[in-house]
Structures are given as structure tokens and as C-alpha cells.
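As C-alpha cells, here come the structures.
The two complexes that follow have subunit A in common; it is paired with subunit B in the first and with subunit C in the second.
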Partner chain A sequence: MLHTAELTARAPATEGGVRVIDLSAQGLRALNQALHDFKARPSNETLWEVVNTKGAHAIAVGVDAPLDITVRGTTGYYCAGMNKQATIRIDGSAGPGVAENMMSGTVIVEGDASQYAGATGRGGLLVIKGNASSRCGISMKGIDIVVHGSIGHMSAFMAQSGNLVVLGDAGDALGDSLYEARLFVRGSVKSLGADCIEKEMRPEHFEALEDLLRRGLAEGKADPSQFRRYGSARRLYTFHVDNASSY
Partner chain B sequence: MCGIVGLFLKDPGLEPRLGEMLADMLVTMTDRGPDSAGIAVYSRPQEGWAKITVQSAGGDFGGLEAALGTALGGTVTVTPKDTHAVIELDRDQVAAAREWLRAERPDLKVMSAGEGIEIYKEVGLPKDVAARFGIAEMAGTHGIGHTRMATESAVTTMGAHPFSTGPDQCLVHNGSLSNHNAVRRTLKRAGKTFETENDTEVAAAFLSHKMEEGAGLGEAMEATLTDLDGFFTFVVGTRNGFGVVRDPIACKPAVMAETDQYVAFGSEYRAMVGLPGIETARVWEPEPATVYFWER
Partner chain C sequence: MTEFLRTPPRQSWTFSNDSNAEIRRAAATGIYDIRGGGSKRKLPHFDDLLFLGASISRYPLEGYREKCSTDVWLGTRHAKTPIHLDIPVTIAGMSFGALSGPAKEALGRGATEAGTSTTTGDGGMTEEERGHSRTLVYQYLPSRYGMNPDDLRRADAIEIVVGQGAKPGGGGMLLGQKISDRVAEMRNLPKGIDQRSACRHPDWTGPDDLEIKILELREITDWEKPIYVKVGGARPYYDTALAVKAGADVVVVDGMQGGTAATQDVFIENVGMPTLACIPQAVKALQDLGMHREVQLIVSGGIRSGADVAKAMALGADAVAIGSAALVALGDNDPALEEDYRKLGTTAGAYDDWHEGRDPAGITTQDPELYGRFDPVLGGRRLKNYLKVMTLEAQTIARACGKSHLHNLEPEDLCALTIEAAAMAGVPLAGTSWVPGRPGGPF
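Now for the complex of A and B:
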């Protein structure tokens, strides 16, 4: 494993203003350390590219700077986790926990995403151009997630706030034990989870959805009028003793 | 955790490289299970012959070939590989050989028996286990590997996966079962015997029992969804088949890739990055509570 100094020495590899890091050659810790160091020593070198990912874990985790990072290839667990400010584009598919606990910034997955994409995210925008598997947006707390394909079972479980937009279908138990996150699904929903119900689309929802589709790079792919909205019936999390038997 | 890898070849041209590809996949999954590792390799059966793979803690197979050959009155060859040895014999003498082993060589543990299967498993890092048994040099039609991070029973050779509880059958598991004691009792009453306290051995025996009762591989795997409780991603091998099933919650990871040349399974995508044509393979996650199987 190389230290940051060695990395800088060996890899000024800037091609057309893009700093290219070969993950197989230079290693994960060197990559992430260099990304973290940017915060203390900012420069105008804000375009980064990571190549030879080979499904590695924890690529570009904990970035806290306005960088534009393109990850070429498929990633393993937790790519772009805890992201703040950066735009991180995965030119491939993402493993479990992509953009987990994101704070701000944008993460774009060109392919599919594995389970618990955007889990516990507090802010920012996650765009998945393919499908997302189970538990997408589980316990989301303010993140916006736009999935161009379909999502798997138990998505938005205990989701607290933020928006989940799905252009395709949703699997079983959507929004189980939901708090105040808003869910918009264009296709079918296999089943709704406990305390999740369909709600009326009011003008403010069409407006919000239009903005989400635009920011989620899905403008022209879908129209807000095609979506249904799901949210919390608010019978579960504000505990009512009368409902005890249904808990 | 635990790591699973599997490879089912469609292209016979890749068969000489099965062991090499599978060993690479197995070693990539080391950090999911550094306690022990095991691998089942299926090769093309030789007409009329069968194989029994046995394990001896001390690797002591001296005199086995002669003694077993005399007892059976037929041709027997024994090929030792580190702590394991492959006994090749007449297909009709497998039952007699196993009875003789039980009586005369109780120090030897039977890892697998069948026409195509060989199982090698030991405690230690996957790269060491693969090297000790020369897995990379093996040819075959399909194979399954497992790296174990133990949760339900001790880290021992017999607690490592794959588990084989029927002829040419094997099963590996990522997860943990919660009703394995109850299922084990039911299977014992039906005549099944168990070598360990391990939950996965129960799943393997459950499938073997279903298939003995006449179920096909797919049907037997369907039954795990109703009768086994807990977390599981199972990968199963038979003489001519390869199957995958995940429990309805499906939190144990699974990725599959298919090309014209093979079907591959990995706990993670990175296990498959070395396979030929992976860049253009169809890659997907098996759905929860859905049985997938391929047979030739």
C-alpha cells in the first residue's frame, strides 16, 4: 500500500485535466486518503477518475469536497458512502450500500445497484439508472433517490424523510413502518408494508416530482402524472394503545 | 459472513480450466471467510466407476488400497492429496466400501461419494487450502467453493463446507438456520445420520432426503423455502446440476453471471472479475425465495 506522498509522486497522472487513479496499482487507502486530503489542501484539480475497480469495496468513501469523481467499472460495498459535496459517477454497477449515509452532493449509478442503496442518507441526490435491489432507501433521512428502473423488496423501510422516486416497479413491503419520507412509484407495487398507504397527488406533489425527475436525469423519460404517491398512515409510529393488537 | 463461489460450465473447452478459475474465485472471497475453506469439483464420470473422497487428520492412507481391494475383491486405487485421498472403485461397490471404512478405518472421514464429485476442505486460509489440494490443476464440469466465517458450530474440518449427504450431492451456505435442531430430529427419525452439530449439514441432509423421496433438484430446493427457517443463500451441486436459492429476506449477498460459456455465482461481483468475458456477461442478483437451477 502506498502512502499519499508516494501516490502524488507516482501519479500526477493528469489526462486532459483529469486526475486518474489506477485502483489496482495504487490501492484503496491511497485513493481515499488523497480524496480526503483535498479538503485540507484544496486546488483546482477537481476532476478525478478511478479505474480498475474490479468490484473493490469502499471506493471514494467519506469525501468532503466539491470534487467530480468518475469511477470506471463495477464497485463493491459502500461506494461513495458518507459523501459530502462531491459528484460521484459510477460508470458500471454498484455493490451493496452505495451512497450509504450520504450527507450532500450527488451520486449517479449508470448500471444497477445492489441492496440498501442510499441507506440512512441524510441529504444529497442518488440517481440509479438501472434497477436497485432490496432495501433501497432503508431508513433514509432526507436524501432524494431517483431510480430509473425497479426496486426490490422492503425498500424505504422505516424511511424518515426525503423522496424516493421509482420509474419502474416496487417489490414487496414497500415503505414498511414508514415515517415521513415520500414515495413516488410509476409502475406496480407488489405489496405495501405495514402502515404504508397510497395518498393523493396534490399540486405540490406534482411540482416536487417534476423537480426530482429533472434533477434525477429522468426528464422526458416519465411524466409526473404517471406516478402514484405512497406515504405513512401515521398509525404506527405515533403509538396508539387502541392499535396495540396490530403492532 | 462466509463467501460462496460456483461455476457451471456450458462450454466443454473451459473444462480443463475449471479448477484454476474456481480457485481464483475462492481466494478472492478470503476476507468473507478466513476460518476454513472447501471446494467440490465435479468431473465427467467414468462409466462403471465411482469415487469416495476420504479425509484423515494425519494424512495416513498407508495400506488402504491393498486392504480395501482385498476386502472388496476388486480393483481399488487410492490417490492421496495432502489430508485427503480419492478412492476409485467399481460403482456397485460403494456401499460395501463405506461399510468397510466405517468398521475398519473409523479414523477416515468420508467427504463425498459419487460418480463425479470430489470434496476437499480444511481449516485455514483459502489460498493455503486450495494449494494443498492442487485445486487449480483440476479439470471438471462444475464446482462450488466456500470460505467460512463460523457462527453456528466449531471451526473444524468437518464443520467446513461443502457438506455432502447424498451421492454426488453437495451444498454450501451463507447464513444461519434457526430451526436446524428440530429439522435434524425429523431427519434422524427418517434414518439420516449426521457428522456434526452444524446447521448447514441439516440443510444438505434435508435436500438429500427430499431427493431420495423422488423430488427433483428444483423441487427439493423449493421445499427449503417452507421448511427451513433462518437466513440462507444456498448453492447446491448434483452430478449434472447446479442450483441457487435465497431465503425470502435475502440479506445474504449473491451475484450471478451468465454467458454462452458458463453460469457463475459469487457472494460478491469481485469474485467473478477474472472470468473470461465477464465484461459482457449478463450479471444479476438472484431474486429472494426463487429457485434457480441449471442441469446438463
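Now for the complex of A and C:
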């Protein structure tokens, strides 16, 4: 395991203004420590690139600085977990829990994302240019998620707030037991979960969706008029014996 | 003579008055009974164990003169900054939401004055709690309400909650009466709803995922914080072994006497194992892995006195945690409030409708009028006193057993009063060398 000082000494300072970290050579701990240290000692070295990821877990987690980080290659679990401020681009596919509990900033997955993408996210924007697997946006708490492809089953389970935009289709039990999150799906929805219903698209929703598509790098790929909105029927917000079969 | 011709009225053991009352209540309301607290059954417990004390073969330490240390290190396996506590009695996780802000403050004050830690709960970290707790453990729960990296970093340890003794396999519950504006904001929920927390973590399942989750939390906090894994008393041998395998620094095992803010009574009374049965299994898992004392074990669920502390530690725990007992020390269920309890249709000592938010003691409520009655400074002092007494009691017993540190207590210091307790605790039935389930019979 390398300490930050060693990392700084060994890392190629920059390549074309980009600080490059070879994850296989320098190790996960050194990468994350260097990213965390930026907050205490900021510099103009804000462009970072992580190479040789080889599916490693917990790449660039807990970043709290306005950095622009490109991760070249496929990542394991929890890449960009709890991100604040940073823009993190995964030039490959992401493993489970990408951008979990993100607070702010932007995470872009060029490929597909595995389960639990954006789980419990509280802010910021997650863009998945491919498909996302099951439980996308599970328990989301304010994050915006834009998926250019389709999403798997149980997505937006217990989703509390924020927006989930899906240009493709949604799997079974979309939005089961959700609270106040807004779900926009262009394609088919295999089934809706408990207490999730289709809702009217009002002018403010078209407006919000247009903004989400623009920020989600999907402008021109889809038109807001093609989407349907889903949200909570709010029937399970209080216990009632007549709803017992839905709990 | 006619009175001898009729069978006297006879109540059914199976259909007791309590059972029938619950049937009638269910029929009238159509909803299961929800309550706070832990199991109220008479379970095999620490009361069924006794210390043997010193004798010719073991000599005692002099009370007041010879030292009996009580400190404990937690998180020595991987954390850069392990926790060092003066006493091995910690305060278990209880949420802001379930408890009032002043009650959380009092827990922080009392724990800090006594030299121990307190723990957040299913509602995030509050300023009054962080501000008044020298050592604060931040719970990482399935709901992730309020979870954020800044609080992870300003915590002194992180506790990943897999389950709790009152409801292994169940999620949290906070009913609408307690979802005030502040609680709703902290949890990002609509005000006044009946909140159901998830029972599983949203982004991992199983021990292999848990290992990766622990890695992520360590990376986010630069490997500084001890990471605890808390499990309900379901399968303590395997859960402890799997938590160790996943990389935990500390394992917390919570037996079924452990309390909850609110859940179904049927869950509390019928799922999970008594604390006494959990400890030896958890200790054996640690011993089998060569990790006993390397990974620390905290036991909770029904700890009330220094004797309970000493017994848990003699069975192999490194520390204990208290929740219900701490609330009683703060003033919960105090007979001085009997008139108020009567108005709620209950009586002091039996009040467990904490989820309704009408606690006359101002502890399990979000009603400003009610929690305004509670003095956090006085509450903190009472908790400190209680923790000090527990420590003195445990030291008294340890000295009598000839131990210069509470951690030196051992199963050989114990005997059991019942066959059940002997079997569960793995110590001999009093007056015999018989441990049920082990070779060799009674003599």
C-alpha cells in the first residue's frame, strides 16, 4: 500500500494536463487517498484519469471536490460511491451500486450498469448510456437518474424522491412501495409494483423531463411527449387493514 | 352439597385471558399489535447464572485496594483509530425519531461523562447527539436515512446494521404520530406517514457483498474508523463467522430481549433467540477463527446490572450495549408518572406504546410539549450514575473472582441454576460438572 507522498512521487505528474493513476500499479488505497487529499490541498490539477481498473471495487469513492475523473475500463462494485461535487465518467461498464448514495456531482456510465445503480442517492445526476440492471434507483432520495437504455426489475423500490428517466423499457414491479420519486418511462413497463400508478403528464412534468433529458445527455434521443409518468398512489402511506395484501 | 357437583370454573392455559384479549383486539381492529421494547416472555437469562467466587483454589482481590480495570479497545483489527472506552457498557443504537432530541442529548451526556460511547439510529446523526457524545458510533442501516459521507467521517466508528434482536429479519417502523417536520426532513419522507424501513440493505446481499461494502466504507473514511457489524440473535455462530470473514472489526450480537422503537408484537416474541443462547455461539465462532479478542464482541439484549455485564463478559463478550435500561435510567416507565400512564390505559413498567409518541416521560416522543418536560442535563446525570453503578457492580464481582480486569472473567467462574441455562451458556449446572450436550454426565 502506498502513502500519498509516495504516490505523488511515483505518479506521472500529468499527461497533457491530466493526472493519470494506474490502478493496477498504484493500488486502490493510494487512488482514493489522493482524491480525498485534494479537498485539503486543492490545486489546478482537476483532470484525473484512472487506468487499468480491471473491475476493481470502490474506485473513486467518497470524493468531495470539483474534479473531473475519467475511469477507463470496467469497474466493480460501488464506483463513485457517495460522490460529492465531482464529475466521474466510466468509460466502460459499471458493476453493482455505481454512484450509490451520491450527494452531488455527476456520474456518467458509457456502457451498462449492474444492479442497484444510484441506490439511495441523495443528489446529483447519474447518466447510464446503456442499460441498467435490477433495482436501479432503489431507495433513491433526491438523485436524478437518466438511463438511455432499459432497466431491470424492482427498480425505484421504495424510492423517496428524485427523478428516474428511462428511454427504454422497465422490468417487473417498477416503483414498488415508492414515496415521492417521479418515474418517467418511454417504453413498456412490464408491471408496476405495489402502490405505483401511472400519473398524468402535466406541463411542469414535460418541462422537468426536458431538462432531465438535456442534462442526461439524451437531448435529441427522445422527446418528452413519448414518456409516461409513474408515481405513488399514496395508499400505503398509512397502515390500513384493507391494504394488508399490499404490504 | 351442590357446590361439589359442579366443576369449578377453569381457565384454559392455551386460551388464557391474555391470548383471548389479543384475539378480541385483533378482531376489533384488523391490525396486528405494534409496540416498542423487547421480548416480555420469561426467557432463560443472566438471572439463571451465578458466579462461584473465590475459594481455596482461587483467591480474591481486595475491594477498593487492588485494581480491577474496566477499559476496552474496540476496532483494533483494521482501523487506524480504534476506540478506547473507560467502561465496557456502551449505549446501543436508538434513533432520533424514535427518541426525542433531548433524550438523545442526555444519552450523549451520560455516556460521555461515564467514559463510553453512544450510537445513532435509523434517522441519521443529529447535532445534539454528535455535540454531546465524545465517542459516537454511526449506524449504517438498510434505510440509509440521512446517510452521508461527512457524518461517516465525523463518526468515531461505523456500525453496519444487518439485524436487531427484537426483530431479526425485520425493518424499522416509525408511525405517523412521530414523523414531525424535523424527522420527515431528516429522512426525506412526507410528514405524518407510517414509515416502513427496508429489512435488507439496498445495495448488497450476503457475506461476499458485505466484504465489498466494508471495503467501500473503509476507503471513504481512509481506513480510520472501526467498522462494527450488528446482527440480531438468529444464527450467531454463522453470522459472527461471516461478519469476521467480511472484515468486521467488531461484531455486535443483539438477543431477543433487545428493544425496538416499534414493531409487531408477534415478531418481538417469536423470532430470534435469547441473549444467553447467543453469546457462547458467537464466542465459539471467534475462537474457531482464532479471532477472539482480535475482533471484539459486543453483546446486547436485556442487560440491566453490573452482574449482567460481568456474566456476559465471563462468557466471552468484550463489551455490552444497553438500550432499554438506559431509557429506564433516563426516566422511562417511572412510577412517578403513574397518573399519566393511567390516562394512556397502561401502568408504569408496562408502557410500551412508544410508537404513538405520547410518552409522558418525554423520551420516546416528538411532541414539543412532552419532550419539553425532559431535562437532558438531569437525564445525562442519571445515566452517568447508572453506568458508574453497573461498572462498580461488575468490578465487585470480578474482584470476588480474583480478576484484575473485567476481561479476565471466564466461563469457569460461572454455574447455572437451570438445565436450560447450563445448556445455552455452556456452563455446568450448579453443584454438578454437567453441561448438557457435552460428554460426561451429572454427578
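Annotations for the structure displayed:
Rule of thumb we're sticking to: the second predicted complex is superposed on the first by the 239 of 247 C-alpha atoms of A that agree within 3 Å, B and C clash if a C-alpha of one lies under 4 Å from a C-alpha of the other, contacts with A are read in each partner's own complex, and residues count from 1 in each chain.
One rule holds in what follows: contacts are C-beta pairs under 8 Å (C-beta built on N, C-alpha and C of every residue); 3 or more make two chains touch, one makes a residue touch a chain.
Since the structure is predicted, the reported quantities are computational estimates derived from the model, not experimental observations.
Contacts of A:S134 after superposition: subunit B is touched, whereas subunit C is not reached.
Once the two complexes are laid over each other on the shared chain, residue contacts for A:R72 go to neither subunit B nor subunit C.
Judged by the touch definition given at the top, the superposed model places A:L28 against subunit C, while subunit B stays out of reach. Look at A:K199: by the touch rule set out above, it reaches neither subunit B nor subunit C. Touch criterion met: A:P96 reaches subunit B and subunit C at once.
In the superposition on chain A, contact of A:R235 is made with neither subunit B nor subunit C.
By the touch criterion defined above, A:S177 reaches subunit C but does not reach subunit B.
In the superposition on chain A, A:V61 makes contact with subunit C only, not with subunit B. In the superposed model, C is the one of subunit B and subunit C that contacts more residues of subunit A. Comparing the two interfaces of subunit A, the one with subunit B and the one with subunit C have residues 76-77, 96, 115 in common.
The touching residues of subunit A, when paired with subunit C in their complex, are 28-29, 32-33, 36, 57-58, 61-62, 64, 76-78, 81-82, 84, 96-97, 100-101, 103, 115-116, 119-120, 122, 135, 138-139, 141-142, 157-158, 160-161, 177, 179-180, 237-239, 241, 247. The touching residues of subunit B, when paired with subunit A in their complex, are 249-251, 253, 255, 268-273, 283-285, 288. Put simply, subunit A touches subunit B in their complex at residues 54-56, 74, 76-77, 93, 95-96, 112, 114-115, 133-134, 152-154. Listing the residues of subunit C that touch subunit A in their complex gives 29-31, 143-144, 147-149, 152, 175-176, 188-190, 193-194, 196, 198, 202-204, 209, 212-213, 215-216, 219-223.
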